[in-house]
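In the two assemblies presented below, chain A is common to both, partnered first by chain B and then by chain C.
Up next is the complex of A and B:
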C-alpha cells in the first residue's frame, strides 16, 4: 500500500508540474491570441472586450489559479480559435486518433514480438543478417518519407488504397461507431497504420530479440530443451513468455503516447486526428485548446507510467519497490 | 638657390594640398548625417510562404547594395500580425499581402481602406500613410457615381501612390486551379476576373458530364467557422457564400449584379430601392420576406455584436419597407461602391432564427463571433448537410433555389498535404483543385501527364508587397522610400521568387480589374543606378560603406 500511495503521490506531483509548466510556456510564447480576431471592423474596445471575455486582462497569477481550479473540476475551457469547449473538440477527434495510433501500436508490437523472438532464435543466420539492417533502416527513416513512399506506390500508382482522409468524400454515418467499424474507414486506415507500425516496430523487435538472447541462456530454457520439448514449445512457452516482460512495459508506456496522435502521419494522410488540432492550437496561440490537449496527453502518459509500475511489480516478483525488502 | 626655391615651393604646395585634403575631411563628414540604423524586414517563414520569403531575401540584397544593413526576420503569423497590426510604431518594414476576394472587385476597398488617414490608427492603413490630397481623392471616388469620373479619380489615387511609394508593390500572383474535364463540362466552369475558377459561379453552374454529380474539392486549411456573421479564413467564405444568399453578387466580370434582389434601382445618389425575388424560401421551408432582408442589414448594427460586417452597413441611415417585396435604403452620403461593398457582402439571414440569437447575445459580453457554427439555415443554392471543419464540409443542392446548382453535392475535403492533393486529383479522389500552394510547374507537369486535368490560371486581385512604416524615419522621407522601392526589379521578383507565375506590380489596383487599372503605373524605372541617383539627389551619402542620412539628420531610433 505504501508503494501504491508513493507512486500515486509522485504521479500527482508530476501532473501538477506539467500543468504549471504548460500554463507558463504558452503565455511566454510570442504572439497574441487576439491576432485570430483582427479585422478592419474590430475596434480597440472590441478587442479589450474579447480579451476580458477570455480573462486575458487578469494578472497572470489569477489566470493560473482560475485555470488550476477549472482543471481540477475537469473544465478545460473554451478554445479561443474554434470557440467550442476544449473537451468537445478533443473528444470529437479522439476516436479516429486512437483508431490510428492503437492499431499501429498493436500491429508494431505483434510483429515486433514475433519477429524479435524469431531473430533471436535464428541468431547468426543469414535471415538475421539481412533483417536487422532493414529493421534499423525502417526505424530510422522519417515517418513522412515512409508515408509518402507508401502513398506513391499503393495509392497514386497501384490505386489499392485511398490517398487520404478517414472516409470517402461525402460518406454519411449515423454514428461515429458506425463509421469506425465500416469497411470504408478500415480501407482508409491501412496506409497510415502501416506507416506508423513500420516506425514503431523497431523498439519491440530489438527489445524482444535482446531479451530473448538473455533468456535463451537461462537454466530453465536449457532444462526445457533437455526435457526434449519441441523447439516451438521451448521458444513460445518458456523463452518468449519470460522475455516479454520488458516489452509489455514498453507497450504500456507507449499506450500513454497514443492520445496525442501523430502529427506527421496525420498531415501526410490528411487524417483528422488530434495531432493536427494540436499543431493548429499552438500556432494560433490557442492557450485553452493547446493546454487541454497537452494536459490530456500528459495525463495519459503519467497514468500509463503508473500502471506500468504496478504492472511490472505484479508481473515480476523479483522486482520489488518496497524499501524494506 | 633655384633648386631650394623649387623644393620650398614643392613643400609648400604639398602642405597646402595636405591642409586642403585633411581640412576638407571634416567638411565632408558634416555633409552627411548619422548612419542609418539596421533595418529589419519582417517576413513569412519560408515553409509558410516560400515565394514571399524568397522575395524578402532578394529585397534585402538589393537594399544592402545601397549601403543599408538589413536583417530579414521571419515570424510565425500570430507574432507577425501582432507586431505589425498592434505595435504600429515598433517595426520598420514587413512583407505583406492583400488577398483577392470577390468584394474587392470594386477598387474602393484597396483605394480607401488601405490608405485613408482614418484607418491609420487601428485599421488597414497600418503603414501610417497620411496624405490629405490622397484622402480627398479616396473620399471623392467613393461618392462619385459617374463611372468615367470615378475611373479618373481611381487613376489619380494610383498615381499618387506611384509618386509616394508608401510601400513597394511587388507582384500580383497568378493563382492556379484545376478540374477534371471528364467529370465537369469545360464550358460550365466559370473563370471570375481576378479570382479564377474557384468561385461561386463555377459552383452553381458546373455541369456534370456523366454519373459523377458530386464535386469534391480541397482546402489545405480547416474550416474554422461557417457563419453568416463571421468569416474565419478563405475556405470558410467559400462555404458561407453558398449557404447564404446576398442581394447582389460580384459577377464573373468583376461587376456587381442583382442576385436575391430582382432589381436594384438608384433613385438618387443616396437612395437605393431593392426588390426581392418572389418565391424564395429558407432551407427550413419558410418564405424569405422583405422583413428578413431588412433584419439582415440591421443585425450588424446591433451593439458591437457583428464587428466583421459593421463597416458594410455603416453608410446606411435607414431601411424602410416600401412594399411586399420592396425596401428603400437611404445612405449617409453617395457611395459608388455600395452594391459591391454592402449589398454583395451582407448575408441574408432568417429573422425567425437569428432574432432569438441576437437578443441572447445582447445580454452577454460575447459577440456573434463566439458562435462559429450557428444554425446553417440560409436561402443559398446549397444547404448544409455535414460540417466537420477539420475533415470535410458537405453541402447538398437546394432544389428550391431560383438558380439551383447542376451538381447534386459539394464536398470540401481538408487536405493539408500538397503532394497528396495532386495524387488525389490525378486519381479523381478530388475532381476540382480549389486550393494549391505547391510549385506551379509541378501542377502544369501533372496536367500534361494526365490529360483529363485542365489547369487554369488567373492574375489575382490581391497583391504582394513590402510595406514601409511611415511613422519611423527614414521611411517618412519619400525619397528614401522611392529609392528602396526602385532598387527592386519587379521582373526579377516575378521570375526568381514567383517562378514566373505572377505579374509585376506598382499599383494598389490589380490588372485583373482591367477597367480600373492605370497602365501608366507600369512605366517605372527600376535598378541600382536609379535608386542611387534618387538617394544622392536627396542628400543621402554612403560613408564607410554605410548609408547615412542627409547632413544634419540624427538617428533617433534603435533597431527592434
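Up next is the complex of A and C:
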C-alpha cells in the first residue's frame, strides 16, 4: 500500500512538472500566441480588450493557477482554426489512435514473444545468427520509410489497400463502435498496423529471448528438468511463463509511449489520430489544440508508466515494496 | 576514446578489452566499418557527389532533367525538380553525422556530469537531479521535439537540443549507479586520506572508470538522433536549405514519388538511416558484452 501511494505521488509530481513545463513553453517562447487569433486590423483598444477577455493581462502566476484549474477540469480552450473545444477534438481522435496502437502492439507482441522464445531455445544455431541482425535492422528502419514502401507496393502498384485515411469517402455510421468494427475501417487499418507491428516486434522478441536465457538457468527450471519433464514442457510451462513478466511490463510502457509516438505513421497513412492532430496544430500555430494534444499524450505516457509499476509489483513478489524512492 | 595513460588500472584494462573485443566480434567490426564508411562519405562529400544536391539540372536539349530513372549520368535518378538523388544522398551523410555526433557528445557530457555529481555527493543534489531526470523521461519524445521545433526557427539544432534534453537521464542513471560503487573503493578512500579535493577525486579517480559506459550510451544516441532528425524533417519541421535523408524522404513523399513507383528516389535514403542506426546497435552490443560480462558464455 505504501509502495502504491509513493508511486502515485511520484506520478502526480511528474505530471504536474510536465504541465508546468508546457505552460512555460507556450507562454515564454518567442512569438505571440495571440498573433494568429487577433486580427492586425483591430484597434489597439479592442486588442487590449480581447487580451483581457483571455486573461492575458493578468500576472503570470495568476495565469498559471487559472490554467492549472482549467486543465484539471478538462477545460483546454477552443481551437483557433476549428473553432471547436479542444477537449472534443482530442477525445474524438483518441479512439482512432488507440485502435491503431492496440492492434499494432498486440500483433507485434504475439509474434515477438513466440519468435523470442523460439530463438532462446535454439541459441547458437544458424537461425539465431541470421535472425538477430535482421531484428536489429527492423528496429533501425524509420517507420515512415517502411510505410512509404508498403504504400507504394500494396496501395499504388497492386491496389490491394487504400492509400490513406481511416474511412472511404461518404461512409456513415450510427455509433463509434460500429465505425471501428466496420470492414471498411479494418481495411484501412491493415497497412498502418503492419508498419507499426514490424517496427515494434523487435523489443518483445529480444526481451523475451534474453529473459528466457536468464530464466533457463534458474533453480526451478533445473528442478523441472531433474523431474524428467520434456524440454518442450520445461520451455513452455516453466521458463516462458516467468519470462513473460518483463514483456508484459514493456507492453504497458509501449502503450503509453505510442499514443503520442505514432506521429510519423499517422502522417504517412493520413490516419486521423492524435499524432496527426498535433502535427497539424503545430504547423498551423493552433496553440490551444497543440497544447491539448500534447497534454493528453503526456498523460497517457505517465499513467501507463504508473500502471507498469503496479503490474510489476503485483506480478513479481520479488520486487521489494518498501524500496526507497 | 582518448584516455590519458596515467589513469587508474581498471579503465586501462577495460580499454584494452574493448579493442580486443571489437576486433574479435564480427558484429562490432561491421558496425565500426559502417560508421567509418559514412564518416568518410561525409568528409569527402564534395569530391564524391556528382552534382550540387540542390541544383536543378538540365539535359543537353535544354529540358529540365526531372523524374529521370537511374542511368550512367544520374546514378540514382533525379527528383521531380531535376535534382540529383545520388548527390543528395552523399550530402545527407554529412548532416546525419553532424546531428548524430553533436547529440551524442551533449548527452555524454551532460549525462556523465549529472551521474558523477549525483552519485558522488548524494543527498539533495542526487534527489534534485534524479527527479529532474524522471520528468525528462516522462515527456513524450517526438511530440516534444515537434513542439520545440514549432517555437524555434527550423534548424538542425532543434533536434540536437531536444534529443539531449530528453535522453541525458539514461546515461546519468547508469553512471550514477557506477559511481555509487566506485566511491567506496579503497583507492578513492586512499585519495581522500591523502588530501585530494572532491573535484580531484571525481575527475581523476572516478570519471575515467565510468567513461566506457558513457560512450556505450553515446553510441546509441548517435543512431537515435539521426533517426529523430529524419522523423522531424519528414514531418516538415526541418530546415529547408540543407539536405538530409529525412528531407529527401519528405520531398519524395509530398511529390507523389510513391504513386509513380519512383523507388530509386526514396529507398536509398531510408536504407542509409537503417544502416547507420543498425551500426550503432552492433557496436553497443559488443560493448554490452564487455560491460555485463555475465551475458558472455
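Keep in mind that, in the parts below, the second predicted complex is superposed on the first by the 285 of 325 C-alpha atoms of A that agree within 3 Å, B and C clash if a C-alpha of one lies under 4 Å from a C-alpha of the other, contacts with A are read in each partner's own complex, and residues count from 1 in each chain.
In this text, a contact is a pair of C-beta atoms (placed from the backbone, for glycine too) under 8 Å apart; a residue touches a chain by one contact, two chains touch by 3 or more.
Given the structure is predicted, the values throughout are model-derived calculations rather than measurements.
Once the two complexes are overlaid on the shared chain, A:298 sits against chain C while remaining clear of chain B. Applying the stated contact rule after C-alpha superposition, one finds that A:267 touches each of chain B and chain C.
Once chain A of one complex is fitted onto chain A of the other, the partner contacts of A:165 are limited to chain B, with no touch recorded for chain C. In the superposed pair of complexes, A:148 makes contact with chain B and with chain C alike.
In the superposed model, A:156 lies in contact with both chain B and chain C.
By the touch criterion stated above, A:280 is placed in contact with chain B alone, chain C being left untouched. When both complexes are overlaid on chain A, the residue A:253 reaches neither chain B nor chain C. Shared interface residues of chain A, touching chain B in one complex and chain C in the other, are 30-31, 148, 151-152, 155-156, 163, 267-268, 283, 285.
Across the interface of their complex, chain B is touched by residues 30-46, 49-50, 52-53, 81-84, 93, 148, 151-152, 155-156, 159, 162-166, 169-170, 172, 267-270, 272, 276-277, 280, 283-285 of chain A.
Contacts from chain C toward chain A in the complex involve residues 27, 131, 134-135, 138-144, 146-152, 223, 227, 230-231, 234-237, 246, 249, 252-253, 257-259, 261, 263, 266-267, 269-270, 273-278, 280-282, 285, 295.
On the chain B side of its complex with chain A, the touching residues are 75-79, 81-82, 85-86, 113, 119, 122-124, 214, 216, 222, 224-225, 232, 304, 307-311, 365-367, 369-373, 385-386, 388-392, 394, 409, 411, 413-417, 419-420, 423-424, 426-427, 429-430. Interface residues of chain A facing chain C in the complex, by the touch rule stated above, are 10, 13-15, 17-18, 21, 25, 29-31, 133, 136-137, 139-142, 144-146, 148-149, 151-152, 155-157, 163, 210, 257, 260-261, 263-264, 267-268, 275, 278-279, 282-283, 285, 290, 293-294, 297-298, 301-302, 305.
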